Amino acid sequence: MELISLIILVIFIVAGGVCIGGGVHFIPVGGAPAAMSTATGVGTGTAMLAAGAGLTGLITAASMTGQAWYLVALAGAVGAMLMMGITMLIANFVYIFGVGIVPASSKASIDPITKLDQDPYKTPGTEGHGVPTVCFVSGIIGALLGGAGGGLVYYAVDSFASASTVLSGVDATAAAGLAAIVSVGIFFINSVAASYNIGGTIEGFHDPKFKRIPKGILASAIMSLVAAIFVILMLGGI
Amino acid sequence: MDPVTLGVVALMGAAATIAGAAEDLESDIGSQSNPNSQVQLAPQMGHLHRMINKAASGEPVSYGVWCGTAGAIAALAISAGIIPVVAIAMGSTVAAFVHAIYTVTSHLGRIVGQSQFEQPLFMDVLTQSLGPIAAHGFIASFGIVGMSYLMTLPLDGLGHPFPLPLLAMLWGITIGAIGSSTGDVHYGSESEYQKFEYGGGTPVAIQGDIVTKAPTGAKNSIDVGNFCAKYGGPLTGFCFGLIVFVSFWITLVFGTVPGQIVGIVIIVLLILGNMYLEKFARTKFGPYEE
Amino acid sequence: MAESNLLNQNNLLILGIVGGLIGIYLSGLSTIGGLISCLGGICAIVWGADAIRRVASYGLGTGVPSIGYMSLGIATVGSIAGLTAVLAFPALGGLAIAAPILGLIFTMIIGACMGLVAVKIIGMKIPIMVRCTVEIAGAASLSILAFSSAVAGGFAAADILNYVVAPGFIALFYIMNCMAIQHPYNACLGPNEEQTRTLKCAASTAFLAMTITGIIALSHAGVVPAILILIVGLCGWYVSFKAFLKASYEAAASVKWTGLWPKVEE
């Protein structure tokens, strides 16, 4: 295989990995406290919500197999954003009508998007609750990056695997299966690295913890580069 | 647009709705995922209970395992010539057994792991809840694997390139993430803290003080299922059904590229809908008085 | 934590690596190859569960499972690369026999990078992070390779691609082994957790995974080897589950089949 296609593979995997790792920082998760309406955000773990959105994106991206790379990435991004958007909206339905609370952020006293004040709507003794608009938009951005990143990694590995001599003697479906499981692996490596960097919970881009994102991106870039080298070892081409 | 494909996509949405509702109710009865932190905390705070403590990983990984198992066995059975409905039921049955075994180990492990707080190991709690847990898990994995199988059918606009076990595992992880983000909040914020006033979050000071008594005797995990079946469970099902349906409907009806644009329009509508919902709640509920 | 360890971590490491590799290398034997390979996978899972136990007792901030599925991600990339590298690079043709070892080494290299990134760049303050990430990833790699070889009837790359990756069974091994490795410590977590009970639980989850592998092995390995894996897996599960149940009954504050909780002073 030509050197240029190798370079493109590495660029796509690293760019995809950075998108995944960076995207996780945007997703508003409050972990266990959010499930008790004690903290703002969606009531689950960082890596898990990112995985749910990213893997939905991977499924929609893969249904575009054979199209250009930007379409695969776009389909991944749209699938992930739809999953994240609907999930956060329904979560707010549960918070508002099931628990009877107003979505309120604790990290921003005024919502930077709607300009609504947050503090009076916070239950005393809690760190906010629900998914206010700023967190919602942040989550959509996170899903956009995560889904597009997953789509890019899938596209790169799939097109590389289809052209590889390694898979010439085996079943034609092996390329898609291999690309999928490798993308899932790279997705989890990056999303867990990012969630280690966040340290559990984050509200979105307005959270002070968001300032840690350069470290998270560096970590994702290094890990994606390492993974890309092993993908080359896996499928050959030098 | 092929009307048959559209019908199949609608069927996928229906299967996803049922699977989503069953998944959430199962995780409420089994007390899985984040709300379980309170069941775990309660004995330490002096509140002994008769609840299941099922810490079988987070929901996404555990549902990945149940659905992956069901999908792999279903794929095997289909390739052996068994008709798909029966094959998927066979896979889901094995998955239900695996699910029940993991439930037993995590309940035993977690309760015994904190024996210094005098929390007794109630075996009758386990035996009475095991049936509903495995049964709801069966419905969820049947729905997910069925939906994944429909996705792989060689129809115009479907025919997903991933093999069945892989698709089932990916959707399993997704449904776990959705269930723990939406329906579980109803369990964690409301069912566990029902004795406190409706209309507020859970202050840190009362954490661990979960409801342990029911109208007659002790509250058990089946009571939780009955409570959450009224709101959290159906809403989770609606959420997952909508995600599955919309993400395929857009490309099917509008075509590959325009479909993505329609998807983005829907996302903008979701953001606006959330803003409207937030404002509605603010005017309806008002601020907390000092 | 160290005082409560009855089993030495180095002994478990040797058990995992040696047992796992022996299992994978004997997977080509007719009839009993798959069985031996699965037993090797069980050694690897028990080793991995102990490594999870050591690192997660420091508190990762993201829950116990996260390090499990990250390590499995590392292991899938590394082990498949190890298997297919000899196909991809004809110059390495002579190393075909070393493919499983290559997979283990590749995985451990990625694991070491991840551990170093976590400690040096992200700044996690867990002294054993690097060593444990390498160990968990290594255990995950051996368990995936062992179960895959049992299904494919050997560790030849083409067979594994055809009979494990193409039908998607690799996804099941990914998530099922992740659960088997991280579940024991996650389930037994608490102030009164102890190593032997956790490892009994690890043996039971590992044998459960082996039983499922036995069913999957019907796809290619043939009926007799598959049934053999299934039956030995079920027997092993029964014995280890009984042992875990007994240990739990003995360590519980009290075991009740009915009634309310005792009164305690608040």
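In order of appearance the chains are A, B and C, and numbering begins at 1 in each one.
Everything that follows uses one rule, which is that a contact is a pair of C-beta atoms (placed from the backbone, for glycine too) under 8 Å apart; a residue touches a chain by one contact, two chains touch by 3 or more.
If you're wondering where the values come from, they're calculated on a predicted model, not measured in any experiment.
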Checklist outcome for this item: A student comparing A-B to B-C should find more C-beta pairs in contact for A-B
Checklist entry - Which chain has its C-alpha centre farthest away from the C-alpha centre of chain A? => result C
Checklist entry - Using mean CA coordinates as chain centres, what's the chain B-chain C distance in Å? => result 26
Checklist entry - What is the distance in Å between the mean C-alpha positions of chain A and chain B? => result 20
Checklist outcome for this item: Residues in chain B with touches to at least two other chains are numbered 58, 61, 162-163, 166-167, 170, 173
Checklist outcome for this item: Touching at least 2 other chains, the residues of chain A are 45, 173, 177, 180-181, 184
Checklist entry - Mind pulling the chain C residues that touch 2 or more other chains? => result 63, 69, 166-168, 170-171, 174
Next on the checklist: Give the list of chain C residues in touch with chain B in this complex.
Outcome noted: 63-65, 68-69, 166-172, 174-176, 178-179, 182-184, 186-193, 197-198, 201, 204-205, 208, 212, 215-216, 218-219, 241, 244-245, 248-249, 251-258, 260-262, 264-266
Item to check | chain A-touching residues of chain B, taken from the complex the two chains share | outcome: 33-35, 37-38, 58-61, 160-163, 166-167, 170-171, 173-174, 176-178, 180-186, 188-190, 192-193, 198-205, 207, 231-232, 235-236, 238-239, 242-243, 246-247, 250-251, 256-257, 260, 263-264, 266-267, 270-271, 273-275, 277-282, 285, 287-288
Checklist entry - Which of the residues in chain B end up touching chain C in this complex? => result 40, 46, 48-50, 55-58, 61-62, 64-65, 68-69, 71-73, 75-76, 79-80, 94, 98, 101-102, 105-106, 108-124, 162-167, 169-170, 172-173, 217-218
Checklist entry - In their complex, what parts of chain C are in touch with chain A? => result 60-63, 66-67, 69-70, 72-78, 80-81, 84-85, 87-89, 106, 109-110, 113-114, 117-118, 121-124, 157-158, 161-162, 165-168, 170-171, 174
Checklist entry - Which residues of chain A touch chain C in the complex? => result 45-47, 164-167, 169-171, 173-174, 177-178, 180-182, 184-189, 192-193, 195-197, 199-200, 215-216, 218-219, 222-223, 226-227, 230-231, 233-238
